[in-house]
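The structure's right below; bear with me while I get my questions together.
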Amino acid sequence: MLAAIAVALVASPAVADVPAPPTRLAVGLDTLWVLLAAFLVFFMQAGFGMVEAGFIRAKNTCNILTKNFVDYCSASIMFFLVGYAFMFGRGNGLIGWTGFALEGAENPSTVPLWAFWLFQAAFCGAAATIVAGGMAGRMKFHAYLMYTVVISAVVYPIVGHWVWGGGWLAGMGFGDFAGSTVVHATGGSAALIGMIVLGPRIGKYVNGKTRAIPGHNIPLASLGVFILWFGWFGFNPGSTLGMARDGGTCASLVAMNTTLSAAAGAITAMLTIWIIGGKPDLSMTMNGCLAGLVAITAPCAFIAPWAALTIGAVAGALVVGGALLLDRLRIDDPVGAVPVHGLNGIWGTLAVGIFAKAKYIRAADYDFREGLVYSGSFHQLGIQALGAGAVALFVLTAMGLVFLAIKGTVGLRVSRAEELRGLDISEHGMESYAGFQIFVTE
Amino acid sequence: MLAAIAVALVASPAVADVPAPPTRLAVGLDTLWVLLAAFLVFFMQAGFGMVEAGFIRAKNTCNILTKNFVDYCSASIMFFLVGYAFMFGRGNGLIGWTGFALEGAENPSTVPLWAFWLFQAAFCGAAATIVAGGMAGRMKFHAYLMYTVVISAVVYPIVGHWVWGGGWLAGMGFGDFAGSTVVHATGGSAALIGMIVLGPRIGKYVNGKTRAIPGHNIPLASLGVFILWFGWFGFNPGSTLGMARDGGTCASLVAMNTTLSAAAGAITAMLTIWIIGGKPDLSMTMNGCLAGLVAITAPCAFIAPWAALTIGAVAGALVVGGALLLDRLRIDDPVGAVPVHGLNGIWGTLAVGIFAKAKYIRAADYDFREGLVYSGSFHQLGIQALGAGAVALFVLTAMGLVFLAIKGTVGLRVSRAEELRGLDISEHGMESYAGFQIFVTE
Amino acid sequence: MLAAIAVALVASPAVADVPAPPTRLAVGLDTLWVLLAAFLVFFMQAGFGMVEAGFIRAKNTCNILTKNFVDYCSASIMFFLVGYAFMFGRGNGLIGWTGFALEGAENPSTVPLWAFWLFQAAFCGAAATIVAGGMAGRMKFHAYLMYTVVISAVVYPIVGHWVWGGGWLAGMGFGDFAGSTVVHATGGSAALIGMIVLGPRIGKYVNGKTRAIPGHNIPLASLGVFILWFGWFGFNPGSTLGMARDGGTCASLVAMNTTLSAAAGAITAMLTIWIIGGKPDLSMTMNGCLAGLVAITAPCAFIAPWAALTIGAVAGALVVGGALLLDRLRIDDPVGAVPVHGLNGIWGTLAVGIFAKAKYIRAADYDFREGLVYSGSFHQLGIQALGAGAVALFVLTAMGLVFLAIKGTVGLRVSRAEELRGLDISEHGMESYAGFQIFVTE
């Protein structure tokens, strides 16, 4: 009789308070969640495209949109052929090397390899495309093609291996739930070194003064921010990679924290620029929103809601300060890629070491130490700083060498005449807005 | 032996033909559904932004988009801090007052509190943003900030408490499945009183004649309508708050009825304006579609498909008539917020009392009387009228006082010079379409 | 004791490694998947709208967007009233005739009829709207209304019955997983015969030369392509109609193959036009992406990933060749509807007969012979060619008669003056971009 009860309990573990059983329904539920998340992360590519296009001038719009398409297409193909193997393959602490073209590939998830790949490939595409905006308006298109193949095939997968593929940072207990470091600090660092090597756009810094070059289509950019926020609901909550284990509790916390941080980032950025510049600038408000999203990406599963509000609020102020600092340094970042993704990718990563709380860490199925405010210890903060720093340094170096190699061979920058005329005509032979009367400025 | 069978049946109720058990899989399925719905309702914010921006002039576009962002950010933060407590907290029939910042908050759903909060917060944001369009082109930005905090923190949650939080209307058997009254009549009523207090835009009514002020970007507006329709699949079907109870039967009916009503609304609005105005105007067709969506929101789970077609068809005609009536009354509603959300929010609420059928009411897990066409009784219709009327009266009064208080202190309306120049420059110091040649009219 | 174990095992089949039981959870999971997919396919309507609008001139934009709305609304209403009955009703090999207005309708799926209907109705809307782009800029609006009712009520459902409703092609083992033939070849064929009957736009072919008429809003078009790709994740993976049967394995493969083909199509189209035309044209790159999506739609569940890359790569080259060929034939296809949907719909259908592999066919729960590269036999390829040919012939004939009948009665084409002025003003009495300075050309 007791045996029968035991059998019944073992045979239907879905009822018992243990992890859901590996049945087809549980797998189906997890797969549906991961596929939905992958679709949403894919859709972020549209958001990046609209933000980047809207924030630059009309004459370079087709160019940046083409880069956006090619980024995702390259990420899909290269991450299928080699990137996944470098990131999740068996290997050492630095890189994996099994599972090329997914043949015999490792699958660390509970869902079909193909679904897991799709989700990861969309992340790779996001990392690649962050750079497009930062180098807008002056880079040769075929130089860009080289860049995007390298970052999606090699550089991003290596960083991913360190953190999510069982590499050396994973082994140290580095915590990055959905990629503040893996995706955003990587993309932001690549953008930073790219814009340094490339130099500023003609007319941006004249006689020691910074001239604003306003975006040509703010409604489009604002649509892009909404699409990115929408897609981030795949990026962050989807990084639970399942629903069956805990009935979606972790994913729900992540979704709420993501929203609170984005909202706080938008509000503080608006207030900051209002105080500094005298007007509630929409571009800065939108970048504050994105900054809040980037910053919450690493800690979203590990923290309480009040911490999410705090992290977002800091991110909104940081993005304004970062943008002003870059102009002070004469580094021309047309869309704010570095303050949004680089600076706040690092801030979000550090925030794990400050605000992470044991009960949330365990509930997210992670295992590392509590942050400073709960433990009083700098231990986890140190690991977070080490991880973010190592990734930034690696990407700056690797991509710096790539950009210098391109510069020394096929060339990185278009001619002055081409830049003045706009890359749409000179590189693609087409206009973005045929029939419209548009004043082309430098 | 019999005991063993009993144990097995109790231990695996997922198999029996009874409501799904509270297992982790069932919760996971419900949570996935509610999160998906919340994401879609969030995305409606982009739809509202694009519709409102597209239907007004280029010179005020950044302004309305900033309001849109701030609406959602304010809704997220205020609904987290206090709104949820007022709406779902324990209290009396008028308001709740437990669960501030979600500490010890009530959770009437089967899904994690955080997921339920996200879904509800998105509804709050939608109610807030309906007003932005109605007051476009002439309202001070910091006055708007005050408005949006009050509606998302206090006014919307109180109405929500009455209907969905166990308040006095819920107790009477008032039926509003997804918010024709709670969200749309609330937003529409606030917009109506706002535009009356604010007065019409300069140049709208000249020498007793109405002058059309055409929208500046109809493709953007049409994208917005598609996004809203898309998001409405979260709004209405998602209001089942689960899938496990009935295998998604109710959600499927709701999704179909939503589509049929939207389609019918678009067609009848197009035909109505074609007959009246001589041309199949796209703006009116799109507002007809939205009117069909608003009207079906209350009854979607309670009615047969033929009734959905009927409700939508009436909504499409109503929205045209409502727009003409407002102009006759010299009330300037730049985007049609009142005919779409106010008038059709009330029509949809009444439609429950006309078309609701017992078998669908029960299948939706509700309990109130059948509508007029089945029961021959005006009982339910009377309750619906009472509920919609009470909400409209409350919102008109509360928001009227708020707008008058703002008007009497910091001021509600920009100066004539600022209005003529456009709010983008005067309030935000930026242009929506830098480089484009645009004729700025009054 | 053994009996107790048996009872426990039988009572909780979710645990055993057999097809998921017909419980409410399994149905709920399938329903959630089908509803999500239906929402995504609905959203493709926005993608079609933006692509078609962006690729034509500003003066005809409202017109094409109105058609887009009306297509979906007509599809919803007509497919509810009669289309579903023709497609899925009991009847003969050519057409069904039971289940009008869904009364007593057949339901071949495991999900509620209403959810299945919503998914199918969205497909019907997609087939209808493909034609709008091909006939842009010169067709009378009320002629278009007649066309769209006929295709969504009769022509599309008949084709659908042949392949998915148990008709004669289904009986032969014709394989079209998600509609390369049913949706895309149907839409593309209707567009082809329509543009032949209608004739080219004024100014397109002058003195034997082809003049490019550039699109007016490429960012909008690129957003549309991203939305279409996003929506295709509902179109193709959603065509599994469930998750519970196999835990989502088939849907995952489909999602990956869809992505790989789209990526390959974009890249080869870009390279092809770069070689032929000298520049990496974005419009062609985007159509290459869409071509890859169309071509993978039939085979996505039946093939290995390398075949998906191959199919997409061929599609990208085909779409460039097809566009050049149409211009050579003086057939004016403003948005590339025929090369994208017609030509690649047929290519994708044939690809099933080339690349389909037994283990994937079985895993997708289909039953037909392997393709040429595995079997060395032309058997399946022959059936695929027969099916695609029969559908194309039927649609060309049926829609040709419809267009000729419209032409002979109310007229198909607007006057020369109306065409030159633009259909927005002449047919709808409105402008797309009020306030913008736009040069109107022929």
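Order of writing sets the labels: A, B and C. Residues in every chain begin at 1.
Rule of thumb we're sticking to: contacts are C-beta pairs under 8 Å (C-beta built on N, C-alpha and C of every residue); 3 or more make two chains touch, one makes a residue touch a chain.
Keep in mind it's a predicted model, so treat the numbers as computed, not measured.
Enquirer: Superimpose the Cα trace of subunit A on the Cα trace of subunit C, which carries the same sequence, then give the rotation angle to the nearest 5°.
Expert: 120
Enquirer: Shared numbers divided by all numbers used: is that above or below half for subunit A and subunit B, i.e. same or different?
Expert: different
Enquirer: Where the CA atoms of subunit A average out and where those of subunit B average out, how many Å apart are those spots?
Expert: The computed centroid separation for subunit A versus subunit B comes out at 32 Å.
Enquirer: When you check subunit A against every other chain, which residues touch at least two of them?
Expert: Correct list: 4, 8, 11-12, 14, 25, 29, 32, 36, 217, 223, 433, 436-437.
Enquirer: Residues of subunit A touching subunit C in their complex?
Expert: 3-4, 7-8, 11-14, 21, 23-25, 27-29, 31-32, 35-36, 38-39, 42-43, 45-46, 49-50, 53-54, 61-62, 65-66, 68-70, 72-74, 76-77, 80, 101-102, 111-115, 117-118, 121, 141, 217, 220, 223, 427-437
Enquirer: Within the complex, which stretch of subunit C touches subunit A?
Expert: Contacts found on subunit C: 1, 4-5, 8-9, 11-12, 14-17, 19-20, 25-26, 29, 32-33, 36, 40, 57-58, 214-219, 222-223, 225-227, 229-230, 233, 237, 243-249, 251-253, 255-256, 259-260, 262-264, 266-267, 270, 277-283, 285-286, 289, 305-306, 309, 433, 436-441.
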